[in-house]
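You will see two complexes here that share chain A, one where it goes with chain B and one where it goes with chain C.
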Partner chain A sequence: MEIDLNRRKVLTNLGYRSDGIQRQAQGSVSWKQGLTELRCSVFGPGPCRNKSRMRREEVYLNIVVNQLPFATRDRKRNENTKRDRQQKSISRYLESVFRKCVVTELYSKSQIDIYIDILLNDGSAMAACMNAASVALATASIPMRYVPTTVTVGYCDSDYVLDLNADEETKNVCRLTITTKNGTDNIVAVDMQKKCETNVFDQMCKFASKESSQIHTILSATMLHYAETCIGLESRF
Partner chain B sequence: MAKVVLPGDFIEDVKNLPSVPVIGRGLKVYKNEIISTQGGIFCSGKDGMYVDVCSKRYQPTVDDLVIGVVSNVMVENVKLDICYLENAILSTLAFEGATKRNKPNIKVGDVVYARVISTSKFLETELACIDKDNCARGLGVLPSGGMVFKVSLKHARRLLSPKCQLLNLIGKEIKYESCIGINGRVWVKADTIESIKCIVKIIQQSEAVPDCNLKEFVDSHINLTKGFCKKEHESME
Partner chain C sequence: MNNTFSLGDYAKTNIREGIRQRSDDLIVVIPGQKLNLDNDDIRGSGIIDVNGTSVSTVCGVLTKVNKLIKVNPYGGVYNGEVGDVVVGRVVEVQQRRWKLDISSRQEALLNFTNFQLPGIKNQRRNLNDELALQSLLVRGDLISGEIHSIYQDGTILLQTRSSKYGKLGKGILVKVPFYLVTRSKTHLFKHEKGVSFVFGCNGNIWVYPYDPKNSDLAIGWSSDPHNNVPRDLMLDTIRFANCVKILATYHLDINDWTVSKAYEFSQGYDLKDISLPPVIHNVAVKVLDEMKKNGMFNK
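And now, the complex of A and B:
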């Protein structure tokens, strides 16, 4: 079959362009962390559609995490993935961090929508969603107090491992997702699965704080690449 | 080379500053430290500092000149869409020569050039088409027959800058009138529809053209338009 190249589809079914950028959104990012791949779109401060959830002093964050049916090995039905316990826990974790991170008093009685589609889930989905959402918020020019840097640490066979994948997550491994401020040792949020001893928990927190500066370097490089477009326009004016 | 800052970057300590500066947009004072809340280019002078952000969302400020589209007409107020969270309010008595017996004729969909006189995050933005001497000075309802389109906020500020020669270069070839709002809306009116389309294309595509190349860019586009008109004229014969 001959393909007419002039009529090749620019937008995929999800509304993204072929390079992963959604043009209608205020900020969007295509994120890949290991084999975990996801898309994140931020629709900027707009009028609050649900009046019962509108807040008088701060902005209402509407975070929707959607895992596509082909994201895992076992296919899941599409109509239930937005309300799964795993996706709800990710969106609640993101909301608890961004409620403190975004300068919310600038936009009273408004709403910021963050939509995340997980294309391939190979473990550490919560950390990948958090990093992608922070980069997307920065590209959307929403004021933030710091850049939340998220890393996943596990305790497996008497050793600390970083950035678990799907095989390591299915085992009986204590798992810790830690969000820090700008990659420093200020921890702003912790999410823990399974149990461990107290001194192991302390060592895991120290290990995560030490390793999160590398994640912050990657986040800064990504945001700097976006901000360089301002340099390109500015230096040629 | 301009300095690029990212969200959460440390700018300056408050105690190190010699006088009280103006902390502009994109910056925030947090525990005696000035940090940036948005990613962009840091600009500082002797009076103050701000971050130049490439953004699509307009934030109204007092004494801004904006272009709004009428979305609702009430007895004493007119609601305008100025690309912000909520619609702005424009009183029907805020026109030149308007009284309770002599109100201007405004319909839904009209384009109004107005000045922001009051803004707050709790109340709606207030606009007016007169100054304190009750003179219009160019404000008011824009005449029909023009075309309204959107550009980015940075490009709108560039077009309004006195150093920019784009509008003068277009005016040497085509007779037109235009109105540029700081909220990213541009209104253009010319004699024929082809002229309007040519001007709109020049203004939209000149966002990525540096200042020194503006003359060749405008000349090439106008020659292309004349060639297109000439070709069409030949085909009609």
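And now, the complex of A and C:
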């Protein structure tokens, strides 16, 4: 996992620059997790455009997950990729976590927009979207109580596997997407596909909590990289 | 993974080496990091209390001033302060006020009673004046003003109680990050080349040619299409706007002194070449050397 800083094209048709940063957004990140590649932009707390969704005590989070037509092997048509069931489940999962994570009482009557474009989907898209959105919110300087660290774990052939790809997800494998606080064993959200036994579920949760500290190390390094880049901008020459 | 690979070493080497110069003596924190504060320290912005433990919420530098400890983030949106000079665009005309977009988390309001027409002394506004003022500023116009007050939910109330502020005429609007515009006493600057500036604290910088003979209701040249700005004056205005963009690209402080220095160093280049990356780099390096010579980085 790394921030892709080696792209040659200056500006893509989505408005991103070659280092993955969208200049108009308050925070943006380009994220690769294995072969899964996505872009995330955060448009900071601004006036609420939809007055019926405005809340008086907390901020309104508008999360849009868009999978591009060339993201999977089978091409999907463009008009359905935002309202697909898979993309809606990812945005609902992100909203359930960030509603508790973001310090929302600081921005009453405001709106925070998070736009995620999945460029290449090779499995574990929900975990990649969550990790990218965490880094993008940190670059947008939106206060968060913790860093939500997400990891995907599966149970296959009497063994536990981590960070499944697209081939492993198509099999009849029970898989679990778990979000923890700062990579500790404090679980804040669980998303589960297929069935498994109870003790297998407990072991999967323990396994995911143990492995999420590695994800948090990478997320911390990415945020520190951003912060020290801002500090050292004047000493770049 | 094998035992020789250490994720902590990977995290350390991920941080670029050239950045470590200025940040060795600074404490950089990330969200969710526990801070070991003393009991009598006062928590400022960027720090919350979670189960009795102080935790940082933003990504930035930990700063301590006497008893106050806070985290200074980078970026974000503009939080207004009373007395700031801002440049905003009208997004809505209501019954008794205008709504302005000043790139903050709430829209700014400008009441008709807080708007002063240039050259007209203060008098009470009746219904006919309200109908006339609704057509004075239409959607899309630019206004410079100062912040009168800030409500509890973040709504900002503007005022233009001086002839220095008001409707902006012909010129160029440059949008920069708001933290590059340092807060100072003079945000309205007039260069000897005939180009004037409004350094808005919200990051909107208005560069306009100044000629008081032709101004009627606007500041500077009126937006009447029949008024023609002289060509040399407009070319200087465009060059000054590009100099502001050069400073913003390299994250240098934007004030009247740095813009004047950037204009001097950009005189050796053509106007059509001033946006090329080598020209931007050369001008920015020279401005940075001048800033270092004048002791702007010793704080």
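Keep in mind that, in the parts below, the second predicted complex is superposed on the first by the 220 of 237 C-alpha atoms of A that agree within 3 Å, B and C clash if a C-alpha of one lies under 4 Å from a C-alpha of the other, contacts with A are read in each partner's own complex, and residues count from 1 in each chain.
As a working rule, contacts are C-beta pairs under 8 Å (C-beta built on N, C-alpha and C of every residue); 3 or more make two chains touch, one makes a residue touch a chain.
Here the structure is a predicted model, which means the values were calculated and not measured.
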Putting chain B and chain C on the same copy of chain A, do they fit or clash? clash
Could you tell me if A:His225 is touching chain B, chain C, both of them or neither one (first, second, both, neither)? second
Where does A:Thr72 make contact in the superposed view: on chain B (first), on chain C (second), on both, or on neither? neither
Tell me the contact category for A:Thr217 with respect to chain B and chain C: first, second, both or neither. second
Just checking: does A:Asn165 make contact with chain B only, chain C only, both, or neither of them? Give me first, second, both or neither. neither
Among 2-10, 128-136, 200-208 or 272-280, chain C clashes with chain B only at 200-208
Could you list which residues of chain A make contact with chain B in one structure and with chain C in the other? 26, 44-47, 103, 107-110, 138-139, 141-147, 181-182, 220, 223-224, 226-231, 233-237
Chain A contacts chain C in the complex at 2, 26-27, 44-47, 103, 107-110, 138-147, 181-182, 214, 217-218, 220-237
Residues of chain A that touch chain B when the two form their complex: 26, 44-47, 56, 103, 105-110, 138-139, 141-147, 181-182, 220, 223-224, 226-231, 233-237
Note: in the complex, chain B contacts chain A through residues 1-2, 4, 6-8, 26, 28, 30, 35, 37-41, 52-57, 85-86, 121-122, 154, 158, 207-211
Considering only the defined contacts, which chain C positions touch chain A in the complex? 7-8, 10-12, 14-16, 18-23, 26, 28, 30-32, 46, 48, 50, 55, 57-61, 73-77, 104-107, 153-154, 250-252, 285, 288, 297
